[in-house]
Structure formats: structure tokens, C-alpha cells
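Shared chain: subunit A. Partners: subunit B in the first complex, subunit C in the second.
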Partner chain A sequence: MTLLKVENLVKHFPVRINFVKALFTRERKKVHAVNGVSFEIEEGQTLGLVGESGSGKTTTGRLILKLEEPTAGRIFFAGKEITSLGAEEMRRLRREMQIIFQDPLASLNPYMRIGEAVRHPLVIHSIGENKRRQREMVIEMLERVNLRPAEEFYNRFPRQISGGQRQRVVIARALITRPKFVVADEAVAMLDVSVRSQLLKLMMDLKHEFNLTYLFITHDLATTKYICDRIAVMYLGRIVEEGSFKDIYTDPKHPYTRALISAVPEPDPKAGEKKKKLIPAGEVPNPIDPPSGCPFHPRCPYAKEVCKTAPPKLKELESGRRVACYLYS
Partner chain B sequence: METQVEVRFLSAGIGRVLRKFFRSGSGKMAFVGAVILIVFLLAALFADQIAPYDPTVRSGRTFQPPSSKHIFGTDNLGRDMFSRVLHGAKIALLIAFMAVLIAAAIGIPLGLLSGYIGGPLDRILTLIMDAVYSFPGLILAIAVAAVLGTGVTNIAVSIAVVYAPTYFRVIRNQVASIKSELYVEAARAIGARNWTILFRYVLPNVLPSVVVVLSMNLADAIMTEAGLSFLGLGIAPPTPDWGYDLSNGQRFILMNDWWMIMFPGLAIIVLVLGFSLFSEGLNEYLNPNVGERE
Partner chain C sequence: MSAGKDVVCRMENFRVYYMTFDGPVKAVDGVSMEVYKEETVGLVGESGCGKSTLGSALLKILPRTARMEGRVYLEGEDLIPKSEKEMQKLRGAKISMIFQDPMTSLNPIMKVKDHFIETIKTHKPEVSEDQALEMASKALAEVGISESRLNDYPFQFSGGMRQRMMIALSIVLRPTLVIADEPTTSLDVIVQAQILQLMKEIQSHIRSSMILITHDLGVVAEMAHRIGVMYAGHLVELAPRDTIYYKPLHPYTQALLESVPNTDINDMELSYIDGYPPSLLNIGEGCRFVDRCPKTMKVCRDRTPPDVEIKEDHMVKCWLYADNVGEVERS
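Moving on, here comes the complex of A and B:
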């Protein structure tokens, strides 16, 4: 069953220009953060949304949770369209869909004790009969994310615990309402490598235990290895390739995906020497003024004339494998 | 997050000088300030018990210099200056606290709403508050006091009008920046209502600067109150009041009757100093990055 379906999602941010300029020019510049993104996530699956910074992956995550109003496009959650949902309906739906942010310290209120921060979603959605029951649920949850002794952590402030522990708190807060769907926005990017693998393991365990569906946003292909069933690669606000984890990793089609895969460090130094790195020339173009045609064509080693004309459509090569590149059409 | 408090209080300037003097960071400032405040609070609370004479009736000969009978001397009506200064503390603190509470009660909620909601409401409120803020403090207080008339509540209100925009500005600016913090977005993501976000996520984060503004404001309120009374717009005589005693005493300064203005003046200075020390110490403690701004 498809839990989440996104159709042609678009988000443009207006660029602030100064007043005098605004008087004399008619043109309003926009940042094309997300430029027509479509994908589906099956219940219980994990989709990895991969791309470098500025590719629009974070904005996509925020749009799905309606933390940002989309400019165009439609979002379906559990078969229901949520794009036009009113504020109050959306607020109630938030119990079902949660987000884990990148920076755990910034996403916790510095003046709220950890226990209270985790209990607050229960209060908001009136889960649990009374305060004591809610407290029990929080303690249980804190223990589940390995914050022990939970009673002691309950009364601490975010500044008094370590980064990894903070992210555990954020995970506990996101999961206490037993959501179906969780967006993990670079959830482990700010932690050191040893803590990172522990947390990835925790997130995987919790996924099976609570039957979660993840949208795992990351710039780091290596972390998707442990957690993702499918991967969608984003570049300048568009999905350039989508497929199962194995397909993308062993047989990348799109030139950009190939470059990304080649940049993943190899644990074995000998294998690393043999591997050819395909770092694309130049930088990511400015999303205010994206290139015509395929967004990747200025950096693509295989660029042809046709690439400059119109952006290639995301074409299904085989079942569950989509690529947006003229090389495959 | 920037939480430093930039306001135009006179006492903020005093605090900066004091900080240099105390070589900052030791917590001594807050301690010395607190001691001064406690002494004045006790004097005000127990004025009836401590004062040797009734402050409003004649207790000896007029124009007596300080002596063992009248340690601060007597004024032109033969009233004991020591008793008047003690009772004056009661009036000064009462009006200062009232004024600050009223100012905070207007400025804080408006600042919260304006900063959080934003848009046209924010622009209009900011415009109004900036207009009030642009008047020189004492002049505005005189204008309002002249309309309202004398009396404790009226004086407190006219002082509050002067300081409400300060609360508004401090709170509004902080809320506007806290609004874009990730934890506010996280609160929205867990489904919190706007009111909940405002009170449980935004307000606790602006409170530290409110506390500092409050205590700085108390110092300025005392000076403004004394100024109003000095100009005859304050408390009606014969109620003991430092500002009134100052203006009364300055008429006789050519007769070398220094004690009549020295003691009320000293009382004002020491109390204002106390509040300044306390607020600056508090500021240092609550917003440790403040010292780095020079």
C-alpha cells in the first residue's frame, strides 16, 4: 500500500530585492528550490532522498509535512490528499507524520526539560488519561531509545546532555505519538561517526518495532546503505534518478548519480585506488537562475545539444527504476 | 542567539561604567546591588517602626543641621528629615514597582503578539510604539501627568507610558528572531497550537531579557518619579517624597542648609545605583555575551 505519494511538487521562494529596484523592474526573481518532484513511498519502506546541499531535499521534506506551503503540486498521505487541508485538520494529522531535524540542540527548546519536551506531543494530542500515565509513557519511550536511567534524563535540560543523547530525545519526541511516517532530515549528519551508526541502528530497530515508513534525507550516500530500500537522487530541485538501493549502488544510470557513487569512500584502500573518481567539473548552478534544459547539462560529460532545450522527463526504464536523462530515451 | 538588551535606560549607561569599575564577571555587582536594594526595601517596609518622628508634622525647631536628635536635620517646617527620607523610600519604591508592572503588562503582551504574528499588525504597533519612544522620557511623563493629575496611581501610569515601548521593543525583536528557531518549527511539527508555541516555546526564551529590563526600568522609574515630584507634578505634599523634598530644599540652599537636599538626593542616587548594579550583574549572569559588545 502506498503511504505517501507526492505529485509534481514545486516550491519557489521569492528573492528579496531592494525597494528601488522593485520599483523599476517587473521581473521578480525566485529561488527554484523544488521543481516538480514526484515519488511514492510504500508503507514500511524507507526512501532515501539523496543530493548535495541546495538540491532541495530538505525543502521537499518540509513541504510534505506542510511546514512550508507548496507553490504547486499535490501530496497524498494514506490515500488522502493533504495539500489543501485546513490548519486544524493538519494539526491533528501531525500525530501521524513526524520529522527529525538535523540539529538536535536547535530543535529542542532550551528551557524545556527533556521529559517535558517528549511529553508535550502527548499533551497536544490528548494521548494518555492523565499526567501520570503520560509520564510513564515518556519514561518507557526514553528507555526504548536507550536514555537510561530514564527518570534521571527526564529532568535534565538539553544543554546538559551530549549530542547523540539529544538526538535520541528528538527521536523519542517524534515517535511518542506512534506516527506512521517519519521524515529524517539529515538526522545523523551532525553526530560523530561512532554515534552515527548506533543511531542508525536504533532508527532501524524502531522502524520494525513501530512499523514506520521513513523518508530519509541525506547528502551522504554511505549512510543510506544501512537504512534505505529505495533511493531517489535529487539535483537542483529535480529527481534525476530513482531506484532500489541495490540498482543505484551497483548500476547507476544518470551521469550525476555515477559521480555521486564514485565519490563514496571505499573502506579497502586497494579497491579505492582502482576505482575511478568522476567528479563533475564546476559547481552547482544558482537555483535563482537554473540552467535551461537538463539542470545537470553544464557539468555533464555526456551533454548533447538536446540537453540544453528542455529538462528530460523521468522515464521508467524497468519496474521501479526511473531516470531523467536523454542518454536513456 | 543574541539576547543582549540594548535600551536607552540611563541606568544602562551607569551599569556600563560600573562594570568597568568592578572588572566584570565576578557576581560582585549583583551582590552589592542586592544588598542596597534589601536595605531600602526594609527601610520602606518598616518606615513606621524605624522613623523616630512623624514625617508630616513638626518635630523640632526649623532648619536644624544634623544632630543626635535629628540625624539628618530638620526642614523649613521643622520636620525630621531622617523620617521623611525613610518614608520617602516607601513612596518611591511603591510608584516604581507599580509603574514597572503597568509598563510590563502593556509592553510584554503587545511585543509577543507583534513579533509572533508579524505583518500589518506588527508594522502598526511598531510605528505607534516608536512614536512614543521618540519623546524624551521626562517630557512625556510630564505631559501625561499634567493630564491625569497627581496621586500615586496617576504618577505610576504616566511613568509606565514612558517605559512600555521599551518592553515592547525588546520583546518584539527577540520574538521575531526566536520565531525562526528550529525548536519553534519542531513545536509546529508536533502539532502545537500557536498559543502553545507562544507561551511554552517563545516566552521562556525571552524571559531572561525581560528580567534585566525590569530591574533597569526600576532604576529609571525612580529617577523619573523624583523628577516629576521635583517639578511639582508628583505626590501632593505633605506626603514625604524625595523629589518634592529636593525641590523644597533647593529654595534654601543659599542659606547653606545643605542637609535638606543632600539626604533625599543621596537616597535617590544610592537606590538608583543599587538597581543599576543589580540589573547589570543580572544581565551578566543571564546574558553572558553582553560584555563583548564594546
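Moving on, here comes the complex of A and C:
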């Protein structure tokens, strides 16, 4: 069953200009953060959304949870359209849709004890008969994410624990309402390798235990291997390629995906020497003024005339494999 | 050790402690190593292992609470007793630094050209402004920035360009030792690949030595000739690159390499190191990896392991490889 489906999601942010300028110009610039993104996630699956900074991956995650209002497009959750839901209805729905942010220190209130922070969603959604029952649930959850002894962690403040432990708290808080769907926005990016792997393992275990569906947003292709069933690669607000991890990794189709994979430094000198680097020149263009046609065409070694005209459609090459590139049409 | 190689920088039992009211935080504790001419030494480790402190200590740009002990020789001169004034003469000229975040290390209200003029004139007051500008545009050209941007401000540059400018600034006076502290960490992978390529070219062009500080084992695999692994203030292993990757001896190096996600789709095992690094506040004797190590012995808790020379150019700080441990202590 499809748990989440987005259709042609678009988000433009207006660029602020000063008052004097606004008087004299009619031009209103926009940041084209997300430019027509469509995908589906099956229940119990994990979709990895991969891209560089400014690709629109985080905005996409926020749009799905309606932390941002989409400019256009539709979002379906568990078969129901949620695009136009009001704040109150959305609040109720968030019991089933949660998010884990990148920086656990920024997403925890520094004056709130850890246990209280994890209990907070229970209060908001009135889960558990009384405070004592809620406390029990929190202790159980803290134990589940390996914050032991849980009683002791309950009363600590975020600054008193390490970064890895803080991210465990954030995971516990996201999962305490037993959501079906979790957006993990660079959830392990800030952690050190050894701790990052611990957290990835925990997220995978919890996924099976709670039958979760993840949207795993990351800039790091290597971590997607362990947790993602499918991967969508974004560039300048568009999905340029989608497929299984194996497809993307062993047989990338889109020139951008190829460049992205070849740029990842291999933690193995011999493999690194063998790997062919296909590094495009220049940097990602400004999303205020994205290039016409295919957003990658100014940097693409295969660019043809047609690439400048209109953005290529995301076409199904074979089952479960989609590419937006004129090379394949 | 290593006869025939020119030593540019030598550290002997180098220690950096941050003094606090609760006692010293032993951020770098007893590091001994050498950097040879024209080589890149990678220093890897996780946050809080002391790698950045070590890098900044070599330039003596640490906060006042830091206390340095031991010996650090740069081309034969001991840096530890040097005054701030003497250090200013060395910084930029003989030893320079590339920081992680170029936006905070460049002055936002100074034009690009003024950054260069300041650096050049400080060390070479005899150089005229025109000559300095010429040197600046040459250095910028080396990193792929056109000289027409000399009149711009750093904030008008993209992240990758700022890092290029930072590199140009650090090499304009041709230092003998460049310290690069997480130079590509805040950049996206593709820009990172561009910058790493550039750093390699520049280094072979100006023939300097480099200490590359990073947490990314992929970056050092591409860049370094030798690699030092740091853990909780100790340099636990130091060896040529391939030895570290294919024949690591220290249990921490082994575990660290295992926990790095690789891109081999046939290897789906994800291993990790249980637990967290220790607090370095008032930390005493003993190996610092002891609580997370699968091979802990009795002696590991009681005494700090020595730097064991396995063979030429391979040092490991671990009791497992020390000969002088009695059978009783091993048990």
C-alpha cells in the first residue's frame, strides 16, 4: 500500500527586497526551492532523498509535514489528501507523521528535562491516562533507544549529554506517539562515524519494530545503503533520478548522479585510485535564477541543444527506475 | 628514524592542556611525530580527539587558557618558547592554515585584494602595493579565480570560491608547512572533490608539506601519504596510508575503519563502536580507548601505553604490541 504520495510539489520562496527598491521595481524574485517533485513511498519502505545543499531536499520534507505551505501540488497520506488541511487537523495528523531534525541541540529546549521533552508529545496528543502512565511510557521509550539507566536520563538536561545521546532523545520523542511515517532530515549527519553507525543501526531496528516508513533526507550517499530501499536524487528542486540503491549505485543513468557518486571519496585507497572521477566544473547555480531547460545543462558534459529548451520529464525507464534526462528519451 | 628524509616539523611529547577551574582538559597528550618535506600527513579522529587543537597549537593560535608543553620544531626552531611577536613573523610565511569555515576566517568588510596585501606586507614590508597585487592575482589564478575579482568582498563569493581564496591566501608566501583543518567539511561533495584536486595540484606545485586534519576517512585516503589516527588526545597509530587501511594494528583504528560506511553493495554489514569517548577533564593514566576496546587487558587501565615502533614508519600506541609487559599484567 502506498503510504505517502506527492504530486508535482512546488515551493517558491519570495526574496525579500528593501522597501525603497520595492517602490521602484515591479520585479519580484523567487527562490525556486522545489520545482515539481513527485514520488510515492510504500508502507514500511524507506525512500532516500539525496542531494547537495540547495537541492530542495529539506524543503520537500518540510512540505510533506506541512511545516511549509506548498505553492502548488498535492500531498496524500494513507490515501487521504492532506494538502489543504487546516492547522488543527494537521496537528492531529502529526501524531502519525513525525520529523527528526539534523541538529539535536537546536531541536531540544535547553531548559526542559529530557524526560519532559519526550513526554511532551503525549501531552499534546493526550496519550496515556495520567502523568504517571505517561512517565512509564517515556521511561520505556528511553530504554528502547538505549538511554540507560532511563530514570537517570529522564531528569537530565540536553547540555548534560553527548551529541549521540541527544539524537537518541530526539528519536525517542519522535517515536513516542507511535507514528507511521517519519521524516529524518540529515538525522545522523552531525555525528561522528562510530556514533553515526550506532544511530543508523538503531533507526533500522526501530523501523522494523514499529513498522515505520521513513523519508531519509541526506547529502551522504554512503549512509543510504544501509537504510534505504529506494533513492531519489535531487538537483535544483527537481528529482533527476530514482531507483533502488543498487541501481543508483552500480548503474547511475543521469550525468549528475554519475558525478555525485564519483565525487564521494572512497575510504579505501586502492578502490579510490581505480574510481574514475567525473567532476563537473563550476557550482550549483543560484535557485533564484535557475537555468532554462534541464537545470544541470550548463555543467553537463552531454548537454545538447534540446537540454536548454525545457526541463526533461521524469520518465520510467524500466519498472521502478525513473530518469529525467534527454539522453534517455 | 627514517634517514634520508628531510624533517620539516617534529613534535616531541607534545601536550596541550586547557586549564579550567575543575582541572586541565588534556586535549592533546604526548604526541610525538614528524612531518617530512613535501608530504601530506593526514590526522584523523572523531570530534574531541584533539586533532584541531593540535593543528591550531602548531600556529599557537589557541585561547589563553591553553598551555603547551613538550617540543615542536619547525625547520629546527622550537616554537614553544616563541613569543607572540615572533610567531606573527612565522604565521603565513613559514606555516599557514586553511580553516574549515572560510566565511568566519575571512574579514567580511575587507576586499579580497586587501586580505592579500595585508598578508604580504606584514611579512615583506619592502614589497610595493603593486607588486603585492601582482602576487595576489597570481595566487588567485593558481586556484582558478580571475583577477577581476580582486575588488570583490568575500561574501560575494560562493562557499567553494571562498575556500579557493582561503587556499590562495595561505600559499601566497609559499610556506613550508600548511595546516588544513577540515578544509572541505562544509562543502558539498562535488565542490569538495574540486577543492581536494586543487589542493593536490597546489601542493606539488609549491612543494610544501601539509598536515590535513579531517574526520573523513575517504578524504585522507585520497590525499595523505601517511596517516595519524587520534583518539581522546592520544596519537594512537601513525603509518603510511596503505598500512593504516589494510593492516591497521590499533583496535581503535580497526574499529573505526569497520564503522565507516563504504559504497560496496555486497558489504551490507554495518558495524559500530559501542559507547562514547571519555571526558578529557582530569583524565589520568591508562589507555583512553580501554572502555570500548574488545581486547582490554589489566595493564591498559593502569598505565598509558608507550608509542611502540612496529617497524620503520609504523607506530602504534597499544600494550598489545609492547614487549615489556609481564604475563601477569596482560591477564
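Keep this in mind: the second predicted complex is superposed on the first by the 328 of 329 C-alpha atoms of A that agree within 3 Å, B and C clash if a C-alpha of one lies under 4 Å from a C-alpha of the other, contacts with A are read in each partner's own complex, and residues count from 1 in each chain.
Keep this in mind: contacts are C-beta pairs under 8 Å (C-beta built on N, C-alpha and C of every residue); 3 or more make two chains touch, one makes a residue touch a chain.
Just so we're clear, the structure is a prediction, and the values are computed from it rather than from any experiment.
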item	value
Partner chain in contact with A:Ala222 - subunit B first, subunit C second, else both or neither	second
Comparing the two partners subunit B and subunit C, which touches a greater set of residues in subunit A	C
Which superposed partner A:Ser197 touches (first subunit B, second subunit C, both, neither)	second
Partner chain in contact with A:Glu81 - subunit B first, subunit C second, else both or neither	neither
Touched partner set for A:His120, first subunit B, second subunit C, both or neither	first
First, second, both or neither for A:Ser162, with subunit B first and subunit C second	second
Contacts of A:Glu151 with subunit B and subunit C, given as first, second, both or neither	neither
Partner chain in contact with A:Arg92 - subunit B first, subunit C second, else both or neither	first
Partner chain in contact with A:Glu266 - subunit B first, subunit C second, else both or neither	second
Partner subunit C, residues of subunit A touching it in the complex	52-53, 162-165, 192-198, 200-201, 204, 219-223, 225-226, 245-246, 249-250, 259-272, 277, 279-281, 283-284
Subunit B partner contacts - residues on subunit A that touch it in the complex	65, 67, 91-92, 94-95, 98-99, 101, 103, 106-112, 120-121, 124-125, 170, 173-174, 177
Touching residues (chain side subunit C, partner subunit A) in the complex	46-47, 158-161, 188-194, 196-197, 215-219, 221-222, 241-242, 245, 255-257, 259-265, 268, 270-274, 276
Contact set on subunit B toward subunit A in their complex	181-183, 185-193, 196, 200-201, 204-205, 207
